[in-house]
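A quick write-up on the structure given underneath.
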Amino acid sequence: MLRFLVRRSLGALVILILLSIVAFLLFFGMPRDPALLMCGKGCTPANIENIHHVLGLDKSIPEQYWIFLHNLVVGSNDFAQGPCPAPCFGYSYHTNEQVWGTLMDRLPTTLSLTLGGAVCFLVLGLGTGLIAAWKRGTLVDKTFTAGAMVISSMQIYFLGPLALAILVYQTRIFDKPAYNPISSDPVAWFTGLIVPWVVLSTIFASQYTRMSRSSMIEQLQEEHVRTARAKGMSSRYVFFRYAWRGSLIPIITIFGIDLGSLLGGAIITEYTFGLPGLGRLAVEAVSFSDLPLLLGVMLFSATMILLCNIVVDAAYAFIDPRVRLA
Amino acid sequence: MTTVTKEAGAPVPADAGAFLSVRDLHVSFKTEDGVVKAVDGLSFDLERGRTLGIVGESGSGKSVTNLTILGLHNPMFTTIEGEILLEGQELTTARESELEKLRGNKVAMIFQDPLTALSPYYTVGRQIAEPFMKHTGASKKAAWDRAVEMLGKVGIPNPKERAGDYPHQFSGGMRQRAMIAMALVCDPDLLIADEPTTALDVTVQAQILDLLKDLQQEFGSAIIFITHDLGVIADMADDIMVMYAGGAVERGTTAEVLRSPQHPYTWGLLNSMPRLDSDLSAPLAPIPGTPPSLLNPPSGCRFHPRCTFQDRVDGNRCVTERPLLAPDRASACHLTAEQKRTIFVEEIRPRLG
Amino acid sequence: MTEDLVLPAPRDAAPEGEPLLEVSGLTKHFPVKGGFPIRRTIGAVQAVDGIDLTVHVGESFGLVGESGCGKSTTGRLITRLLEPTAGKISYRGQDITHAGRKDLAPIRSEIQMIFQDPYSSLNPRQTVGKIISGPMEINDINPEGGREKRVRELLEIVGLNPEHYNRFPHEFSGGQRQRIGVARALALEPKLIVADEPVSALDVSIQAQVVNLLQEVQKELGIAFLFIAHDLAVVRHFSHRVAVMYLGKIIEVGDRASIYARPRHPYTHALLSAVPEVSLSEAEDAGPRERIRLAGDVPSPIAPPSGCRFRTRCWKAQDVCATEEPPLVQLSGNREGHLTACHFPEEPTIEARDEDIVMDPALAALEEDAVDGD
């Protein structure tokens, strides 16, 4: 297990480095010069030159990349805005704040939204999927399957405003979505996020309902499940002990991907509910050609996805003894 | 073996002596293409301690019959008619909870591919102990000890340690041994073995077949042994039932069926099969054509489209009239007993070399 | 069937008995990856480990053995679907061991393969005509009268209706699909066909049809066959000469009669005695066969036993078997060409011995009990 974690972490590190190189190169291929944006009205070539110098843009790309890596690992005191301890992504061009600090400010929002949502959609999705598989062919099954089909064809920018309109503005059952730190006021944290959770989990759960149902039905046709029945084990025992375990493998795979990308920022959800998370940060970084922030958000999201991948692979081994981690 | 056959719709009371009797069994599946008549009017009896070999090719209905005995078919798509009586208890209409008490306890099964038939997620010991706990009410500890004992009995070295292994850590032969241990753990009266050695290598198959025979001596179970391999059946069975396209076409003791077969399909099987001592100068004599679709089985005798002897039957009977299988030693064919004997002796036997 | 068909005479028939395919020291090791922190090769599955064999023109050569013995790998090496680790393959005297695409091109058409699974070995989206004419297209061969005419001829040769030219594989049964596979292999008029378990996926009655078809093709067209199968009776029926493989080695090779009636290697004895047989008459002509029951399964080819690979399951094994690998040689009393790799060969007979050989401890224990109980 330890070997597996070390090896996979090393692999992830290599991917992150490659990714940052690609990001660097892409940035310099961008048509907009960030100095122009910062310079503003009445810009002279001398000003631009100056800004280039201050930002270090006059150095060669490999040199800039080296400085980026150096700052990331040991930090830096060379910034005009002040000291920047490791992990230092530098200061945002746009807000002049430390990138790492900004990321950490936004992270709790995304984390709360995503993890809370994930718990909801897993419980809801797997639950309905299992019931549908258990009651296969009955009205219950058909209702769940059809419902899941309808919901999964909706998009968050449709269901989100709809939920807001009905649940918040019309009936006032729930509070307007907002992020309140869990440490200061857990109740406000909960009530502020409940509508986004409901919307997010409804949309995702529909996918998991269908997946869990079909995966379960597939498992129930496995020969070893038939053997368990032939031994006289009860239907319920066979269903939960023999079939369910195997049905989790494809679900975990998809869950890892979903969770990773959500943690990297659920852009549309955050916009729909006006929550200041990582997704919005990413959009801001792109629109201002804010290289340090962009790199920061990107590498952070990538790290989340890679981390989820490693956890998923470890989970395989936990579920299926045939999977050997090495 | 005592056997009773009858015309459809006129049930005959089960023979009191039979341990298992199947009466006019019909099993059909609903599929997208239509209704598949997988078993079509099958009757047979089995006595305690005997081994009945069911031989047939894919689609003959041999596996379906035996899944039906334990109610392991999918009730959503399956229609069953007829009777399956186990010690007088009717199984086709039995409640699921009653069947659960029988399965793995009084009647146990061994499947073809032990790699897929054992769960990859649990240890071998646990999978053997489970039915023992369920059916005898034994404690976890006692059931585990029993599992270890059974593993030792079927020849797994170091059974104490190996019981804690997962099936993928076992070799193919060992997995099938574990499967046998699992089937015998509650000392069943009837063991249904569905192609138990088809997935195994020949030297391992020989070990497993001998093991099954020796264990049967010790446990006294009746065995239904399903296979497509006449050699295996000759080795294992006391009685043989040959199945074709959902029905039995010939039955008798092993010696009777193999040494004086009466049905053209049985002749065809024997002629198709290369043996280690067969004559090499002549080519094999295969059965022409392919097995029929069970969506739309042939009229009359199911075998008539592939039968080379139908012109020796008067009139059009092979096409219009389904031949019946008489009780005991019998074959479902319109040829007369004399014709069957002469054709075998004069035309079939010489080709077998 | 095809009995009444006039088959074209074998073209430029090379004299029988001349070697067509010669294989020496053929070896294939599949790497086993592992290690830490960087994965590297830490071992090898010794799938095929130094085998020699020769297939003559027009001969059918059988390769038998149990799963994991390397017989299928050998077939794939010879057709160059796999790259050999070591050894030499020569076809009609030309070394093709590591021949590139271009050098292989003319030979590829002369060596064809028939696969086990008639379901997965035919492209479901191609018509039968396209499947069979595929090899002609690839090799740019334009037979007289056009490819379609040739395909129809081939369909007739393998006993299918030429009208089925435009049908798709799923419209055929397993046995018919295997006939399509045979037709495809015949499309280029090959001199050698490597048939890897061509009938083991088929039902008994269909199996016999395909065996007969292959036999006709082999005899009428003079095509040499490397017939790979686990079924000893089928191999006996089809092959002039037979090699028995165990854990990547050939342990015995010889003409059919020698291998099946006068085997010398204990493993060959064990294999033959394990085949379940139908006894057709009460008074057996040849008397009862010997009974040998081995213990356990074949060991892992990753770490095969030292010396003789069969020694861990052999009843005659002694110390020398662990230290010295027995060479594949002609033993005294063996017929010409009958080679055996054993330090302590068995008597050349398969008749019953005074005492059965039961290596399996569970069987031995149960049988002991049964005898005591009587």
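Order of writing sets the labels: A, B and C. Residues in every chain begin at 1.
FYI, contacts are C-beta pairs under 8 Å (C-beta built on N, C-alpha and C of every residue); 3 or more make two chains touch, one makes a residue touch a chain.
Keep in mind that this is a model prediction, so the values were computed, not measured.
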Of all other chains, the one whose Cα centre sits farthest from subunit B: A
B-C or A-B, whichever has more C-beta pairs in contact: B-C
For subunit A paired with subunit C, centre-to-centre distance based on mean C-alpha positions, whole Å: 54
Centroid spacing, where centroids are CA-atom means, of subunit B and subunit C in whole angstrom: 31
Whole-Å gap separating subunit A and subunit B, where each centre is the average of the chain's CA atoms: 55
Overlap residues in subunit C, where contacts from two or more other chains coincide: none
Residues on subunit B engaged by subunit C in the complex (per definition of touch): 57-58, 152-155, 157, 171-174, 177, 201-207, 209-211, 214-215, 217-218, 228-232, 234-235, 255, 258-259, 268-278, 280, 283-288, 290-291, 349, 352
Residue ranges of subunit B in contact with subunit A within the complex: 70, 72, 76, 96, 100-105, 108-109, 111, 113, 116-121, 130-131, 134-135, 166, 168, 179, 182
Residues of subunit A that touch subunit B when the two form their complex: 136-137, 222-235, 242, 245-246, 319-322
Residues of subunit C defined as touching subunit B within the complex: 1, 66-67, 173, 175-176, 203-209, 211-212, 215, 230-234, 236-237, 256, 260, 270-282, 285-286, 293-298, 360-363, 366-367, 369-370
